[in-house]
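Inspection log for the structure reproduced underneath, given as structure tokens.
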Amino acid sequence: MKTIGIADTTFARFDMGFAAINELERTGTGFRIERYTVPGVKDLPVACKKLIEERGCDIVMALGMPGPKDKDKMCAHEASTGLIRAQLMTNKHIIEVFVHSDEAEDDSELAFLADSRTREHAVNAYDLLFRPDNLRRNAGTGQRQGFADEGPIKRR
Amino acid sequence: MKTIGIADTTFARFDMGFAAINELERTGTGFRIERYTVPGVKDLPVACKKLIEERGCDIVMALGMPGPKDKDKMCAHEASTGLIRAQLMTNKHIIEVFVHSDEAEDDSELAFLADSRTREHAVNAYDLLFRPDNLRRNAGTGQRQGFADEGPIKRR
Amino acid sequence: MKTIGIADTTFARFDMGFAAINELERTGTGFRIERYTVPGVKDLPVACKKLIEERGCDIVMALGMPGPKDKDKMCAHEASTGLIRAQLMTNKHIIEVFVHSDEAEDDSELAFLADSRTREHAVNAYDLLFRPDNLRRNAGTGQRQGFADEGPIKRR
Amino acid sequence: MKTIGIADTTFARFDMGFAAINELERTGTGFRIERYTVPGVKDLPVACKKLIEERGCDIVMALGMPGPKDKDKMCAHEASTGLIRAQLMTNKHIIEVFVHSDEAEDDSELAFLADSRTREHAVNAYDLLFRPDNLRRNAGTGQRQGFADEGPIKRR
Amino acid sequence: MKTIGIADTTFARFDMGFAAINELERTGTGFRIERYTVPGVKDLPVACKKLIEERGCDIVMALGMPGPKDKDKMCAHEASTGLIRAQLMTNKHIIEVFVHSDEAEDDSELAFLADSRTREHAVNAYDLLFRPDNLRRNAGTGQRQGFADEGPIKRR
């Protein structure tokens, strides 16, 4: 039995944690979920590290929706840097799923994007843990999460 | 009995430390306070780490008011990066409460924002320590600290 | 027998992993390959560290194609910072091969660039491991990977 | 007997180290000084760490005058990040005193600023070591070093 | 007998490694040289750390010539951050000598700058190791490497 951590925020405007858990349960079995909700994205790095070191998670999804201002983009950058550091300190993957409000035209599209990107990354997390050959088969094929895939390119 | 650290600065123009302690005491019991005042936000990371490792704090609030210039924004970025690093080194939460002077129209609004954001984050700190289910219930609901909440969004 | 790690992504639009392995095998012998595919460039740092610490790699190539937006450039910066950190934690080289989509005029040139830069860096990785004198002989000679070399300059 | 480290640079155009030592000696007793001069601000982080770990300093002042170009500002950012990291690795304060050449109108004002900011921070360093209540009393009062204090603000 | 490490790149267009070694040998005795050539500046941090930890260097010079594009400046920033981190992990100085192509008008001036800056920093490295009083005497005097010194300034 593996443990998958789900770290999310009260700042986000969409329940990405629900989307992640729902998709993971549709994707396969053999794991249990540990969920940890924090105020904002800058609280995610230590939450993810605690999920790994104190609650035994084998992999974690870090879910957040940074705001639109320059200050918010800097917060997202600081959070991302911390998430990578947390991974290097634990040798475990933390799949970052950040949805930026300026990626969508309106709230409805933003909610769609938050939902679909979270779900596609939930499958990535499952694959990293249980079936890495799925990722191997798609190496260099231009996969995208939330938007349409870009696909592979070739030399002339 | 838990210990909550309050790290603040002489640079800030509002007594955010008082606001934090006052709000924590209105919110609940079961903790004692350790306060540590430093000159500016770049001194906060090590102050918070010392609060955790030398004064036994279970969680810390890092309170600051970065100035308006580009140089000040860079200081805030460096401080934030250090606060995340300090959390990863200790596996304890440090709730950053930074109020930027260009977030308000005048000094009075800035003081209001410093006061209210500190108080709302004091409740977040209390929740992380004593009642994480409060945060869990608000996951993905667009909570904000100091300004009005943005609320949740839905897919069409 | 040495072990060379190849970390690549499903986000990339060209199979840089194949190019790296193919070129390494044309360059010499005395090594085996460990390949690890992750979703995107921000997943590369921990993948490389795991290749070194869990699968015994002596050197790793980190292959990725960051997207064209500002957000993508920030992801690449965060990934690069993590790759350097991973090297300092393990005392092993991780050769970063990133191809940015705005480095080429069209998809075909981009594929050419991804292929040729990966292959030239595969030789660099081989040299670091097996024949460092090759690098020493080219010190300060303006070598480039993927584009034409710039060559050395002289004082008048 | 405490030890206060003074790390400064040959790049700076004002003898900030002298100003720091002179002001510390005017402020109180109970300490000895260890001085360490390096070429530029990027050499300060390890110099400060060596002052703490190899020469027994209880606190360090890191004194520098970054140049005016974008490249210089990036150097200052890298140095600041390293100074915070050094503090987190040692659990000791390093008081950064950086004076940027574009903060003053001419060389004379720049020298004045370097002198006065260093001296005010020397008192901060002394207070952190010997009388933290002085800082505690000034929490949230808008203290500045080198320029006039901004003072506290109030909610209407 | 001390050991001085020289880490340089094949990317650089001038043989900065030769300039460093030549100047060190003109400056004094009592040391031996360890040279390590890597492809680019982002490979320098781990090379320097390996020089210190695996080849016993007491100090290292990290020599590089970042390119002119924004992407190149970001590489230089990532490398510098890593060089500072490597110093903090080893408590040894790494003297960074980076020459940016946009610092000079043409190739000839660039070569002159690479040569002279490397040589002046070679003396700094020697002084840090063998005669720190030379640096101490020049504290706050506006020393520059490669261009003319700026000299000290005074309060009116």
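What to note about this one:
Every chain is named by a letter (A, B, C, D and E) in the order it is written, and numbering of its residues begins at 1.
FYI, a residue touches a chain if its C-beta (ideal position, glycine included) is under 8 Å from a C-beta of that chain, and two chains touch if they have at least 3 such contacts.
Computed from a predicted structure; not experimentally measured.
Considering the contact criterion stated above, no chain is in touch with subunit C and with subunit E alike. Simply put, subunit D must spin 70° to overlay its Cα atoms on subunit E, rounded in steps of 5. We define each chain's centre as the mean of its Cα atoms; on that basis subunit C and subunit D are separated by 40 Å. With each centre defined as the average position of its C-alpha atoms, the distance from subunit B to subunit D rounds to 25 Å. In subunit B, 81, 85 are the positions where the chain touches two or more neighbouring chains simultaneously. A ring topology is adopted by the chain contact network, closed into one cycle in which each chain touches exactly two others. Beginning with subunit C and continuing to subunit E, the ring of touching chains reads C, E, D, B, A.
Subunit E meets subunit C in the complex at residues 8-18, 35-39, 42-43, 45-47, 49-50, 53-54, 71, 74-75, 78-79, 81-82, 85-86, 89, 107-108, 110-112, 115. Residues of subunit D that touch subunit B in their complex: 73, 77, 80-81, 83-85, 87-88, 91-96, 100, 121, 124, 128, 132, 135-136, 138-145, 150-156.
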